[in-house]
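Have a look at this one before I ask anything.
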């Protein structure tokens, strides 16, 4: 932890300044997609975990959804598994799905749960399979076959709310059981999209997507061109103008999906900054780009 | 509120540093005797109220006991009521008791409750009469008659715990109904001592007495001689050596009473410093003098 | 207590006769404005307290709202405070409000709570400030400035119901926190009107206003001209005919406000008669004037 | 109902006098054996039912145990069934047991339940069979075979308490399932003794046995020789002196059994007097004979 | 119990086959009218009781309603009571009603409760009188006076659900208190019809009527002509064609009443076959005739 | 599923025979170590899952603990990881632990949860890390270093009981967080021993260890020499006589540990037989070897 040189009274003053933010979010639900650099860099990892527990301690209902791309990548390589790509997306065959499930549910999920427990929080690592948390069907964008990739049909909100009521932080791997012809078969779900769907059924106050970029830049080459806040209705224009670029597109779509589903505010934040989540929730300026309903 | 110049990330870092203290005290009970200058100076008042609500927001069970000496003094003067003193203590006749009750339960208690409510907390202003919270008998030190001054025989812990469980901050006036020959008669209770008794029945983590002095000074003329921490067993020696002086004596006795009754730690802090309570709970150095069991 | 000479069997018969009344009101809410002579005369006071506890013992949910006019009067005089009158109503400046708050919340409220506790009941003395029970705004009849006089905007019914569920008798001082430009400022509320508003939000079975008159007399000079019962729709005519006279007017208005807000029956009773409340609830004839919806 | 001529205010005064008695017994359990003339005379029946509901209304937990001797008698005669007597006690063969069960559980129990329901109370008619309320074994006094007569081994207190908590008045037929070699066979239990056993497991405040006599008379021929109260320790002497006579003996034994089992007070009262139960509970003099622990 | 010769593994396989049926009915309500031969033949009786407990053990909410025709018949004869018939139905005068009540509530009800308790279940024997379970009025088909015969106006569903929630099997005698001019008077209710009404208010999954016939036969002389399933809409035609004959008519009417009231499926089954209820619930073929909504 | 040819009535009879077993185990806890062939053979897998759900459906509280040796083996091989052996036990270095965690928590655990969900049960897949379910320390038999192998110090019984109360089947991977110098580090726990420890803290009725052998054979070459039941006290002799051989030794030790910790009965059963668990619980003969306290 970085040492900030302040008198104890000034420290107390800083804490006292946080009160209105705590009051605003207490008993509210915040769904955080945890991913990118913040899941790799050891210092950032420690900071995120402490932030999450702090939010939980001040009475915010936090749900954590995680991805695990790089670790899946690494394992596939270690196993000598060659990847096939469809429209630039990796095709998920059965062997790949096995690896996805092992890495997400067995490695990443338990590592996060272990860190939260170790830091004094109470975390429950779950997948969308457990207790039937998710129901999913195959995801076939424009009819394209991506293999065992799914999209969520239903989330069991009552189950998550019961966990949150008991003071637990749910840590969720985006793997789901299929229905219909895929009944009983695990499907691979995009983590941002799982977070958005959860935020919808919980009528969350905030959806926070941690990324490795600053947010939406008006000019991708100019770091000073960050768009701090836009309305839901302005999104279409930004897309047309090519400002929401390729990597950012699905994240923005998750935000609009959440907004349309009843979430109050959505945020694309820069997980490379220490305590990005705390800064977002506990300062007026926030961080990254916020998309809100009009 | 004083403005501390810090980047948002540094602010977040300061908050993150508070986590272990929040975790240590969460779900624990802290009884605070609120009095002295911190109840008169408008800035200090505002700071104390915010501190109290912050503690409550992070899950600490706070009970506030208040005095009201100066305001009682003022009203007696306004009514032209002359005071009689016994051994240097004001004799509480029926008229005086009426004023005590009006000022404590009607003025000070409601003012504090109003401030907490206004700042977004949830406070319930009570006296020891309400719901039979206290039972008291006459207090006659060395057989001396002080009039309608009482000492507490019993506190209804279940009642306070029910309030705390429901998220309320109890704000308590130290007035109690007498028993036996004083049955049904309101008695005037010393606020420090009421706080200590409440701390005992609630098995509080901390008893905090706010005063207008730095704490116990080894040399009363040397502000650098503050005793930061002493053991319960060292108190007797300090008394013999004349270090615990007249005004401090009853406060120290309240602390030892609380320690003997199962309270973990007791504190005599300097309420003239802003955010004294936060500094005490949320920094390692603390503030004022701490008395603990050996 | 008056001794009624009856055999034990006849006493039992009288009790048995009360059964249908008890059954009718059990689990129902009755809001009583306690005031006037019944709050001054020592015998009447004792009788009212016993009646209240009896109602509570047989399962009626009793809420007590009290005034305190004469005691406020006395204190203002003792403090040499001169009163200014607007349209015959006392203007409530800050000093006066201080006295109102002290007398109502500190003196009268605690005296009633003490008496109920002493007689074996369980009372909680509250003001509209505590727990945010009331929200109020300035009351400016016809735009006239009366100073810190308020009218209730909202009552926290859930809070009162939780107290009633736990078997407590709430004793309420009509002082409230203002909102908007008066945010955080205590306002003085008329007790009859506070009782009526509480009765509305609790959907009370009865609103009972204790007065120092027999009820509404058709001919104010003829004590035999008491109107025992009238319909809501007849009130306008009585006003036009000058039968509802000046002092009675606001009380009748409180009754019609309560009826319009869902209260079943409203009563203006003569608090100078011993056990007036019991007679009203537990006999067919009742007492005073009843106003009911058509 | 008898009409008592009293002003409404005097009626209210009588009610107010009942308050301390109500307070004394509120939330306490009273077990009443209902039998004899009070179960036959139509006026007494109506009065008992009203008394029972009144007790329940004021928060007393009432359990009613009934007998049914005369009606069993009548049915056996109607069926031409001849009785065999052993030591003066009727031998209960299978046919007799059938009649006992039908009359107690089918006739008397439902008649009492119907009357309580009709008068606005809430009664549940049960036997010791239902829910396994009683467990019993054969009763063989001095090894004598009485047929299907049982004595209680166990009572399910939790079951009764759940009913009482929900505001129901349990009305209980003293029929039980046997255990061991009589497993699954209904046995006939003495009603006084069932009431005493229930009072024990519920740690009742009072056991009240309604009889057709005044109570224990020191001289059976002198109605003025009623013993109003005796201690548990005096019972043996009264037996030796022949004052506790034959019919009274088992009732007194039930009382001492209950006292030894933790019941506070036991009463043998004269059910021929109207409102005998109310008089017993709600006056200082009480009625009949009280036997208490020393 | 009949011994089926099977290896333990095959036994286990049979149990495992029952799983989908258990899953289908778990937490669902099944109302069973228990009557006819299955209530007389000792082997069938034992089998029914075991079936009922098994259903309860696997989480099905079972309500049992019983009749008692033959036993009432027998007692009337034993008492030399002559019966009067109206349109082929027995007229229920007061003496007959007394016998009905005694036999149903006192004999049959307690015998069933005793058997269930003895076999390890938990049964509560009730009548429609207890706790005000039923409200009824006189039943006068085509204005004909049948004496104290009633039809149900209301069933207290909350009461039954509370019993079912606590794991109890309610065993219900079809006797009810009248209302209006029959207030407080027990009325005799047809058991099939009581079962149908209960099934309606509980929104039962199934209503099962146990009879002494195979079900509805297309040709009453041909046991191979059993109608296994018909729709609600086909019933009228069957009646017109004379296929639903006299004895079957009221049973079919109970089924259609239940279907119209929200019950999912209704069954007229042959109680003369061992384990008829289990076969109905736990096999695909079922047993008897099922009537369902279209 | 195998088809057993039986009439529906005979099927019902078989079900009815299961009643006493269901009654005996209802609301009791059974901890099952699921492993070996029954986790590999597809038919056996399906049968085990159905058995588990059936047990849960009839009210038995089932906890499932699984291993995953062969799949861990396979993955290590696929990754080209060479194993080091200490005293015949595989040394668990960090890379191996990673694989253990991925396979157990990510692959096997979720596969079992998916199958239970798919078959209509409700399963929650957990590791000992989640919610701090297990606390463990390094396991060093005779001081030997086995790397990241742990033994359980504590199990959170309240957490498991809360899950069981809500009708969930906990499926548990034997991975735990270390304490002390291994704080925050995942440790590999033997599955049999985890099952035994869980059975102890839950005071389970049964501990069932599924193996690939018949049970304990008196003569390992003679399949007819199965020991069906032995007492705790006989175990020592069997060990001395060399009858409890190497592979069986740790399983027997788990059983005795469980017995000493308050478990009623322990079983080593042959998971290669279909429905082995059902046969064990629902027949008198049981299956495999039972070890019980004397």
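By letter and in written order, the chains are A, B, C, D, E and F; residue numbering begins at 1 in each of them.
Methods note: contacts are C-beta pairs under 8 Å (C-beta built on N, C-alpha and C of every residue); 3 or more make two chains touch, one makes a residue touch a chain.
Here the structure is a predicted model, which is why all the values come from computation and not from measurement.
Asks: Going by more than half of the contact pairs matching by residue number, which of B-C, D-E or A-B reproduces the interface of E-F?
Replies: When the residue numbers line up for over half the pairs, the pair is A-B.
Asks: Mind checking chain B against chain C and telling me if their interface is mostly the same residue numbers on each side, over half, or mostly different?
Replies: same
Asks: Using mean C-alpha positions as chain centres, tell me how far chain C is from chain F in Å, no decimals.
Replies: 69
Asks: Averaging only over C-alpha atoms, locate the centres of chain A and chain F and give their separation in whole Å.
Replies: The separation of the two C-alpha centroids amounts to 36 Å.
Asks: Take the average of all CA coordinates in chain D, do the same for chain F, and state the distance between these two points in whole angstrom.
Replies: Result: the chain centres lie 56 Å from each other.
Asks: Could you tell me which shape the graph of touching chains takes: line, ring, star, complete or other?
Replies: ring
Asks: Under the stated contact criterion, what part of chain E meets chain D in this complex?
Replies: 78-79, 98, 101-107, 109-110, 113-115, 117-118, 122-127, 129-132, 162, 166, 168, 175, 177, 183-184, 186
Asks: Chain D touches which residues of chain C in the complex?
Replies: Going through chain C, the ones touching chain D are 1-2, 4, 6, 8-20, 22-23, 26, 47, 50-51, 53-54, 57-59, 120, 273-275, 278-279, 282-283, 285, 287.
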